[in-house]
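Both complexes below contain chain A, partnered by chain B and then by chain C.
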Partner chain A sequence: MAELIKLTIDGHDVAVPRGTTILEAAKTIGAEVPHYCYHPGMSSPAMCRLCLVDVEGAPKPMPGCVTTVMEGQTVHTQSEKARKNRQGVLEFYLVNHPLDCPICDMSGECNLQDYVHDEGREQGRGREPKRVFGRDDFGGDVLFYGDRCVMCTRCVRFMSEVEQDHRLTVVERGDRSIIDTFFDEGLDGTNWHGNIVDICPVGALVSKDFLHKARAWDLEHTPSVCTSCSQGCNIDLHTRDNLVQRIKPRENLDVNAWWMCDHGRHNYEWMNHGDRIEAPLVREDSGSRAVDWKSSLSSILARAGELGNQPVKAVASPFSSNEDLGALAQLVGALGGGETTFRSSRAEAEVPLKGFPTLVRRRDLAPNRNGAELIGFKRVGNDDGFGGLDKVAEHDGILIVLGDALVDQTPDFGSKASLYIYLGTHDSPAARNAHLVLPVTTHAEHEGTFTNHEGRVQRFWPALQPPGMARPAWLVLGALVGELTERSGPRKATDAFSSLSGAVSAFGGITYDDIGTRGAVVNESVSLTGD
Partner chain B sequence: MSDIPFKNPGWAGNTGEFDLTEEQVRGDDFVGVRPKHGGHASGAGTLPYMHADKHPDAKLFEGEYGERFDKILTRYPTKQAALLPALGLAQEIRGHVSPEAMDRVAELLDLSPAYVRGVATFYTMYNKRPVGRHLVQVCTNISCNLAGADEVVAAFLRYTDTEIGETSEDGNFTVIEAECLAACGFPTCVQINSRYFENVTPTEVPKICEHLKAQGE
Partner chain C sequence: MAISVKVMHRPAPETTSYLRAALSGMALTFKHMINPVKVTQQYPEEQTDLSPRWRGTHVMETHADGRPKCVACGLCPTVCPANCIRLVGGEDDQGNRYPIVYEIDEFRCIFCGMCQEVCPVEAIHVGRHFENAEYTRDRFVYDLDRLMEQDHPSTLLWDPSDPSSE
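On to the complex of A and B.
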């Protein structure tokens, strides 16, 4: 621990390690110093001049983002001098800003809007015409509105310092400055450029995918975990009208800091996919018939009772939560035991973020491969996520498929099974020969946890209403386990997780409270094969 | 008498009373074009030098210009530091810094093309577009403006029949306004290619232009 420096900020005594900046020290007492160019994940050029604070004894206001604290210093962030200074700086920002908030995507979460609303002048004094740049397509997902830009250069620094691909630069000088790439080069081919839209403090860089789709104040934010690879980036699902509108990274310095990859960011449409299975379906000679949950579950129990202890084969998906997989493993155990497998696809190579080396788009393209392996599922099949189920297809005992759509399998997959249950979200090839098709929810619709590549268990929360009678798989499977073992099944996700942590030593002693929003690492070292 | 038909052809001191030519004042080394090898390494890359004859399609940094580029590199601790003189050299060869030239400079100096573009566009002395044989930069900053620089600009535009920044039809002239040329004692100052013309008045403008056309320099 570095030496502590004591100083006073806005009348509060603060003690922070030597080398802390005034802006960061002010954060510890909850005083936010307005800023644009400063971002905790990058260098500070101190060029936006908005974080200038009043330091007693200093001849001029000091930039809070680069001025380090000194013993006995007295800092005022809200004094007349500091506020007046910010008001002046903000007036300059508005000299050329188009104030097109009503048609700007950033409106509602824009720092310029917030700061001017808080501390700006009521009326602008500028009478000169504003200079006009129009907009520029940067390629990829990024659109640049030059007029709105405040020249904080966060995007330029993200590309050069964090992604380390110096594509963006400030072109021209003075009030003609704009952000641009090398003429038509654009951002195509970079894998992390979506982050520059997140860090843009104004509406200069906007996402084409989200363009004019929703207003910021209409969106519900639900903390979740990205399912596009085993990194498990912390995200927020932004939803409106029961649809995911966009994904934003959620800060977690242990996993993804403030960033996420473009692939994960745009891989959300599947959560909005219609055509869901909305009720349990029983296959009869004349076709499928929708039934209620109670009769579907009791028919499974009755059939399982008739069959006695037949060998069970279960195929799960690595997109299922730890709770789902734990409940499935327990069900297989309660039915007399058998073989539990899963298939998952692996990319050719990983895609690292050079400036934050622990953040990598991992080769495993599923969020819970490690969870599945810790719970005792065996990975089969090829790196494309197909194959490996020849014996399962011919199995003549009880067959349970959870989540895997089996698109590569022949039409007679599972036709020999004495009891074939498919738990899925959509009608798929896996449902063809299933005696019972049970509707389950996606991870966006229920609460649960994933275990990422390093064995970090991370929670996600329900963001969407599940369609029809769809229920979380852990609830359905847990109810069956409860009936078979004559105990009560889980009512809440936390029950399902505690029953998992009781059964699997890797999760032993971990509770939902421990995991919180930051995650908790499992007790066992996990295999990092190929990562 | 000097054979130069107007006063002050580009160096302070000649008020029309001397018979000395520019060569005699400055010495042979200083007159006309900079030697292609760039002279001594310590001066190999300083200001962007503008020739009347421009070769927009010339190969960059090859032959003697390649040697000069290497000479420039010896003056700096890192390749990145040689960016400004490298761009200056590209402009000397081609008359302007084209996107291809920026790309080539980026490649030679291990920089990203976007970074080179950022630097090249920051400095106004790099021409980002082709200019005429004679780039006429009229100072319109305060001293010159007080002495009537606006009329001088208007006279040049009238003579060349162009707007600011346009190249005349015969390809001879591009007229632009410049900020202070640091010759406030001799307003209005006009820099044409790499030479200063001082105390320029609107009536002299056609004379200067005719002279340049005739001389080609």
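On to the complex of A and C.
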């Protein structure tokens, strides 16, 4: 424990460890000091001059992002002097910043907009024409609007300190200085450059994917977990009109800090797929017939009762939540037990973020492989996520498929099964022989948890309305388990999770409240196969 | 208090004449035939002046080259209390932000004029116009082309010579 330094900020007594900056100390009492160049994940060059604070006894205003606290110091962040400093600095920014908020994608979440609105001058005094740079394609997903840049160099420092791939630099000097790439190299081929769009405090760096797509104030933010690999980056789904418009990382220092990879960032279009199963379907000779949930579940129970104890084979997906997989395992147990498997694709190699070594794009390209293994599912098939189901395809007992699209399987899949239930989001040719096709929701449409590569259980929340009659798989499977075991099924995701934590020791003792938005690590040490 | 009934004693029909009343009524009628003051307005040949604060169906201003002035900033759908504006922004071949879709449902519109007030580029205006009859209901959703074609003047609440009301 470092030595505590006592000081006074805005009249509040603060005690922080030695070496803390004034800006961070002010955060502990909720005083937000405006800043651009400072970012908690990177070094501070103190070049934006916006965090100037009024320190008693100091001859000049001090930059809060680099000045460390001193014993007995008295700091004012809201005094007349501090406010006048900031107003002056903001006026200098507006000398060259264009008034193009109406066409700027950052409008609504722009720090310059907010600060000028809070503390800027009511009327500009600029008479000279503003300098014009135009826009530049930085490659990858990034467009650069030079006029809007406030020269905080967060993007340059991200590429050099965090991604450690020096692709950006400042060229020229004075008011002609501008961010640029080296020759025509650009950002192409880098894996984490989407983060520079997030950390840009103004609209200088914008995403091509999101360009002109939605206004910031129209978007609803729902905390979620990235499904692109087993790292389980904390994200926010930004939705509008029941469609995911973009993904932004959500701060969690235990998992991904402030960052996420470009692959995960752009892997959201599948959540908006319109071609979904919308009602439970009964397969008949003439085709499929839509039925209601009650009759579909009671027909499963009736058929299972007729068949008695037949061997069960279940194929799950590592994209299903812990709750879904737990309910499926319980259903297999209630039907007399059997073999539970899943398939998961693996990438050739990891993609680490050099400046934050615990953040890696993992080889497992699914969010919940660890959860599936902890709950007792066995991984089969190859690294493409295919194969391994030859015996399942020919199985003549009860067959349950959850979430796996079975794209590599023939339409004969499950033709010999005495009862074949397919739970999925999209209909599949390999579900042709299913007696019942049940529509389930994606992780963006229900509440649940994933277990990431290090065994951290993380919650996600529903961001979208599910299509038609689609329901969470834990609700459907839990209702079947409830009927078979003569108990009531889960009504909420927390019920499904508590029945899982009662059944699987790794999840024992964890509750939704423990997990919160930061996650909680499972009880057993998780074996990381091949990572 | 006892209720009393007032009994009217009218003269019997055979003892009175309505001739005088009929004549005075006819006199008024013939007087109006020759009176030059006419109250009835001969619409549509004659048009009344609209109030200076009149707010009618919308007009989209255009640049000299025919492009809409709208930059798809999204403020009018945000401010619209009736939620009658649908806007999808995009980028044209010159790199300008413009509305790919801009539709106003004039049936839902309450003609408050806030879209005009909020517009940062003086593109959308409410108009001095009220003759909006159509044969079908769907014609009342005005798309971008229709809004640009509207040839009636904008409301006098907006002065083109002083566009930002300074």
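Throughout what follows, the second predicted complex is superposed on the first by the 530 of 531 C-alpha atoms of A that agree within 3 Å, B and C clash if a C-alpha of one lies under 4 Å from a C-alpha of the other, contacts with A are read in each partner's own complex, and residues count from 1 in each chain.
Note that a residue touches a chain if its C-beta (ideal position, glycine included) is under 8 Å from a C-beta of that chain, and two chains touch if they have at least 3 such contacts.
What you see is a predicted model; the values in this text were computed from it and never measured.
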item	value
Partner chain(s) touched by A:302 [first = chain B, second = chain C, both, neither]	neither
First, second, both or neither for A:217, with chain B first and chain C second	second
Partner chain(s) touched by A:182 [first = chain B, second = chain C, both, neither]	first
Partner chain(s) touched by A:169 [first = chain B, second = chain C, both, neither]	first
Partner chain in contact with A:15 - chain B first, chain C second, else both or neither	neither
Touch list for chain A against partner chain B, complex	165-173, 180-183, 185
Touching residues on chain A, where the partner in the complex is chain C	101-103, 107, 135, 211-213, 215, 217-218
In the complex with chain A, residue positions of chain B that touch it	99, 102-103, 111-118, 121-122, 124
Chain A contact footprint on chain C (complex, rising order)	71-75, 78, 89-91, 95-97, 120-121
